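Two complexes come next, and they have one chain in common, chain A, joined by chain B in the first and chain C in the second.
== the complex of A and B ==
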């Protein structure tokens, strides 16, 4: 749209660009002139296309990289006016990008320029009429504060204070979200005198969307204060947040719990955070419980070592036990994704006695995601109690899951098979798991059949060719006569995967005849997969077999009536010759 | 939920037989009406056992107010509705008491005396003000999904009913009420508009409207807070269930604005109402929004140009469903536009309408062509035929030859016929020049092809020779 009526207005730009192109910048005056012209271009450009948000976004982003183009850090301030107006537009993404660029170029200002050009801009934004400019100002205080004189610093603190109690919740939210960042650049005495009161006020704002942002700031503020001040200055607010009447605030506390825990240190954790965490794990809203459940492992890991076990056993584990049978599946699944990590912390005996029953219960959970999360984390328990113990207690459940209705669960079990097989040994495997592995080959989901094929290959790599010949190969080859063509194809896929691991002998004597026989299959898909297989197992075969047996079959397939069969046969021929 | 790529659309999975020969075990979770309760029970101290009080209608006049007050206090006890068998007796006592209160405040005069105000407002606050629980369906789509209903509705409804009757009672004294219905109260009331339960929002709408009507001191504050809710909805969360209801209230508020419009109100139009058109969920509240916009225009015709330019700025580029809504709104606007205002915006507007007519989506084209069935719009077009016809002629002519949909083609023929009858001289001139233009274009194109063939070879040559191409290429 801009192009249609912009032809005339773009004319000055064309002139300026033309002049710039022909200019040879050598001395200061010329550089200054250069940057002035550059500046004019930006301005004309800005005024021409002002109403397309996408263009404004790109402009806001690019202006952040313009320092060198306007003549270097000395002239960087000429980028401020367009960015200032971009920082006041309605569209949030544009505004945010403009603030990001302003933050970036603030670093390129000299301390003098920062006070002369940048800081006045921040002040103008901070006292703007419409909320958008005040929101943007919130993000700029912390970048200029460290580099200005103490008088200006006092002004900046005052502006920030004003915005924290702004009339519109949008601005208070912006201020609350920058509170932690601003606290970090303040001198310690002002953290105590200014920030704490702002923090307390924001944390008890009438809108929960503001209060929850104060929780985030709490982490930064707590790290800045000496331990002895935390109790009086931060903890009352944090306690109140953990029991806030809005679940969103409690959710935020749960979500930031590990950070909070690190920030307040072990003493306060023991006295205050443990009961708070218990409450969050028992919260009446599932969202909060799920967020807290997610933090169980991290929270326990970070407990002070001297009485970690005791705290977990008496305070945390009872809550965890309840969560295992929670009514909400998201809670259970969040717990399942971390619960296995507790075994490393609690050690072998506690794991067997207290955790295994929970794992088992979750393995049998009605929700597939819960089961999946448990299976995918089996390895950390394995390290603690050993595979023997693990398999004895968990095997029945695993066997059950191998036939789970959800294919993703079956897939997770398959992927775990090679590890399990390696640790259990051949005998145990043949007895308990072999049948399962073969059953997966005729699963009705392709992804499972594919994974089962790959699984066989890994098993053969572990147990050797002889084992393969006795246990696997006959069954695989038997499927070549299956009435279902999908199963016949599985035979071919298995041969592709196994030939290398089984070696020349087995491949030539047992597998090759079956493949060749299948070249007469009535289904074209089987036939072209024969061509593909022959290509695949070719390297394993000796040249005699290739010449006398494989080649004639491929040549026959190359004259097949089906286009695909022809194509793959020809491809195999070319590659083998 | 419908947008989640992994879940098959429920209709196809349930109606179509096995397509791929494999049983489909995973089904989308069956849609059902669910209900949930707010997260307030944790904060209630030990449950009080309720005992039934004497009926209000049997009370002697001297004791009526005292009994009324006791009943209000009794109704401050909250019950757990997720457990539907818990404390059935208590629930029934409270329900009966609420019913009596509603009945009493609605029918008998002289009940509402000053000491009852704080008690009544306290009872209302305790019951309705609560943090709304998280949505059970995080991707809740108001158009597709069934809302989660409030479990405690059997009581909540009566409390809302009481509140409404209280406000509507002829005895209601705003001067007394304003001490208790204050800014904080109103703010909490507004937050409840996010409720997923449409029944609750319906009550809230009527109640807020009454509050706005009776408590004059709160009007500016209410408008400002609604502004904030909308701005947050537009620029921060894109989620708020009660936008339509709030707009409906605003529709009647705008109706009562004094003239000339205050800057505050114009700003509301510019900064809130027009940007609301960008929302993804526009369809849910578009009717109410369009009503507000038209109200503004009817109040003060000078905002017309701004409104239309605003709509053109936010015109949907990819969402045809929204485009149809925009066209509908434009028609509503044109229905009441002043001819002098029409002239100011006809050019950009009819460029957009022409673009819509050439949309490959037939509903968009059809909606735009329907403008010619509107008599008032037609009269405006006729008056400005000299300007409008040249803007749309080429499009009409081209689309009449190209559009895939027969309905569109015949609609366009009608439009062309109308134009021909309106101004046959202009029509003939345009047809002639269109044909000349086409011919020229055709010539240019074939010349362009032959010219383009040459630089191509030149490019190859210059690349071989290592000569840089001139910048103009």
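== the complex of A and C ==
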């Protein structure tokens, strides 16, 4: 580029500006935004509404961080027009981002600016023609309400009321989802006079997509009201929601049950929520039962301690027993993922008497996911009753999963092996599970062989190098002579994984000779993996072995007839030198 | 059967609902007093597409060449219209064709000086919605033919529609652009790249007004959810979800999420040899977001309530008319297959079309339809030849007028039928080029069976079965209809005095 007169410094900026407005938008959003930051000239992005979504999204996000770039808080209101436009586009993610940025910069407005600039924007959005702007308005009321005068507050409340009964379900949904948040910033007297009626109306909306959002609001509203008002103001609606005709609403109740339980307090929990929870556990829709089953442990944990055990034993446990033999596997597996947690709550005797039969039944379940979930949570039970109680049933379950026809199931159980080994102890492991771990090494699915290799490493970390030397290493090295080249490669992969955990001595004395010998393998894949292995275990070896044994072999491989072998051998040489 | 039925209306129908008016004024068709003149043609579009090819650029030579080939009697397969649909205000009308194109028409602005132009539509936007594809895993060609178009209620200045072929649903945004950026730094006015050394000052591009451009962009692509052919799509009144239906399954989608859909109905038997019926069409209730109906090839309709369970394999209502053993024949099962199901605008009734009839069902009565209309009963004696030429498998659609008082459906020989539910009068009209002068009043047609043929009657034997009207649509609250006849789109309105 000609001249050092400063012209060339303009060039990159020129590129950036043009890129910003380029019609065939590339995914080079970052560059565009960077240029934007440098050139925060409001009127460029005032008209950006035509652009691609990704650009708009990033723009909406970045504008929230622009306060300093436009000259600090006193000028922050000049960011409002572009964000207002962005808050009305049809793409939800962009709108949400714009609202998020608006919420952020609202905090930077002085109280005066908030009333002069921000609040009128909220009103404009709230009374916009299209639902897009009205939904965006719903998220802005709560941020400006605490900081405006009481007349403006009254207007805001009125706007919110209007949006709660909007014609389009989208706006009602937006209002319902912001109801709890808005209630939090309202003065207590308005919570009772305004919010409760809106809440009741939304909770009985004709659209179940609106009703279910009211359940969420229920949590925040209940925390705001004094205990004595809950019974009359919130509970009728909550009871109605728990028995709603639509399973989606009941699902939402089940899903939010722990939050609801905390919000309404122990007295109402005992009288109302326990029976409601029982019903949800027996719901006719499997989705609802699964959601409720997921909450069993949390619900029991949060019960008031004085009669927790009695409530669980008489009310909850009978339902749980039924769920163990549910017809739907998702329900059973949801339950299996939390049921072990009950043992810590109920203590040793109850666990042995009541829960153990359930665990054992689930360990024999036809669905592998259920069995897996039980096995993955064994640690809870171990603390309470010790694992020996279970080991009789555990072993067949593990063996069956280990040989499951679906490789994903096998993969899952492998991942629990280190945990199980820790719980069961080295003797039990050697006796019962070691053969399984070795069998996985010759599985016909690569992912399983890979996981098995990784599993061995974790086991060695747990049980130590000596154990490895006695039980694992001989078997692994034996596979180096296997007629199947895939198994020979597994040996190399195992060595890669184990060398560090086993330490220098075992690696040099036992593993290295095998690796070196395999450099003469007739299969090129094995040979280049030898090169890779040598590179991998290099740091574990002493320099003498490297020089006298490894280097010659690598040099030989570097002249191999196969291109890949050459490549990896050369790579290893360069890395080691 | 009555002969020539005057199709009329009263003058009040000229009243357009005010913009944003939620309760449109209904008017009856045909009115009792007989003051009007009948249905007149307002526009006809042949091969409704690139009327203004300028938007498509010159690159698309195939289409331009095609247009030379087209004479008046020749239509390529790709030009055959496969669906027509008004949007919720009636302002726009969309057609889809076998070539995967969508053409959107916009209504002429009403002008005080030319009140007769009120029903005229002009091409607004044209775009290629679907392209032919090949499924390599199944070695199957996927046609680009647009099976259905559904408009979303308008949410902002842009319009949105869903279009589907056999496998993939797409959400299109149709928007206007009247500004473009000018004053780039690196390019001069003609778009040539400037020599970097000549750039000595920076300018910020500005948006300048330009001629209005309508652009269509695919916003979402909902794919990989259907093993069989999609026959219908329907948008839920919660404006958040829609369903897509193929021969054996109904899937529920969120309009914003393309990588996941929920299968809510699955009638696939474990053993495909036990398959006895397929789903032919499905639609959401216009107001109750939890209710939808689907029709089957066995002539039944099932109503499902999504509140009851996540999977709607169990229906909550089952509409079926017991078969009359007297009329049973080899063709009974084929002709009872339902080709279209539509809820009435008020949500009280369901209308179904089978091969020979249109039936109206009250949602409260499952054992028989409340009304049955014969569309072309004179074909009952010709089912054998209709079977041989495959016509018996034609899928006719049916539509309600805005006030649910009239229903319309198609027939052969470019005939289409209207039935007034209150007066029980019906009429046969023809969409044809012969009387396709603008403003021409449509003459009612009559088909005669048997020997003696009166003047202006058409004999059953001379009906042209290659000319069929499968797809029609009725303006949401005015008496304007659009009728697709092979590669022609006709728009008719009731004549204003």
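The rule we apply is simple: the second predicted complex is superposed on the first by the 341 of 577 C-alpha atoms of A that agree within 3 Å, B and C clash if a C-alpha of one lies under 4 Å from a C-alpha of the other, contacts with A are read in each partner's own complex, and residues count from 1 in each chain.
One rule holds in what follows: a residue touches a chain if its C-beta (ideal position, glycine included) is under 8 Å from a C-beta of that chain, and two chains touch if they have at least 3 such contacts.
Model, not experiment: these values are computed from the prediction.
S.K.: Is A:88 contacted by the first partner chain B, the second partner chain C, both or neither?
M.R.: second
S.K.: Is A:445 touching the first partner chain B, the second partner chain C, both, or neither of them?
M.R.: Touch status of A:445: first partner only.
S.K.: Hey, is it chain B or chain C that touches more of chain A?
M.R.: Touching more residues of chain A than the other partner does is C.
S.K.: Contacts for A:398 in the overlay, against chain B (first) and chain C (second): which applies, first, second, both or neither?
M.R.: In the superposed model, A:398 contacts neither chain B nor chain C.
S.K.: For A:479, using the defined touch cut-off, is the partner it touches chain B, chain C, both, or neither? Pick first, second, both or neither.
M.R.: neither
S.K.: Is A:130 touching the first partner chain B, the second partner chain C, both, or neither of them?
M.R.: Both partners, chain B and chain C.
S.K.: What is the contact status of A:540 with respect to chain B (first) and chain C (second): first, second, both, or neither?
M.R.: neither
S.K.: From the superposed pair, tell me which chain A residues show up as contacts to chain B and also as contacts to chain C.
M.R.: 90-92, 130-131, 168-170, 173, 206, 208-209, 245-248, 284-287.
S.K.: Would you tell me which residues of chain B are touching chain A in their complex?
M.R.: 22-23, 25-26, 39-43, 131, 133-134, 184, 187, 228, 231-232, 235-236, 271, 275, 313
S.K.: Give every residue of chain C touching chain A within the complex, in rising order.
M.R.: Within the complex, chain C contacts chain A at residues 22, 155-158, 160, 173, 177, 179-181, 184-187, 196-197, 199-207, 219, 237-240, 256, 288-290, 306-310.
S.K.: So in the complex, which bits of chain A are touching chain C?
M.R.: 1-3, 7-8, 10-11, 13-15, 17-18, 20-21, 23, 39, 41, 43-44, 47, 50, 88-92, 130-132, 167-170, 173, 206-209, 244-248, 284-287
S.K.: What part of chain A is in contact with chain B in the complex they form?
M.R.: For chain A paired with chain B, touching residues are 51, 90-92, 130-131, 168-170, 173, 206, 208-209, 245-248, 283-287, 405-406, 444-445.
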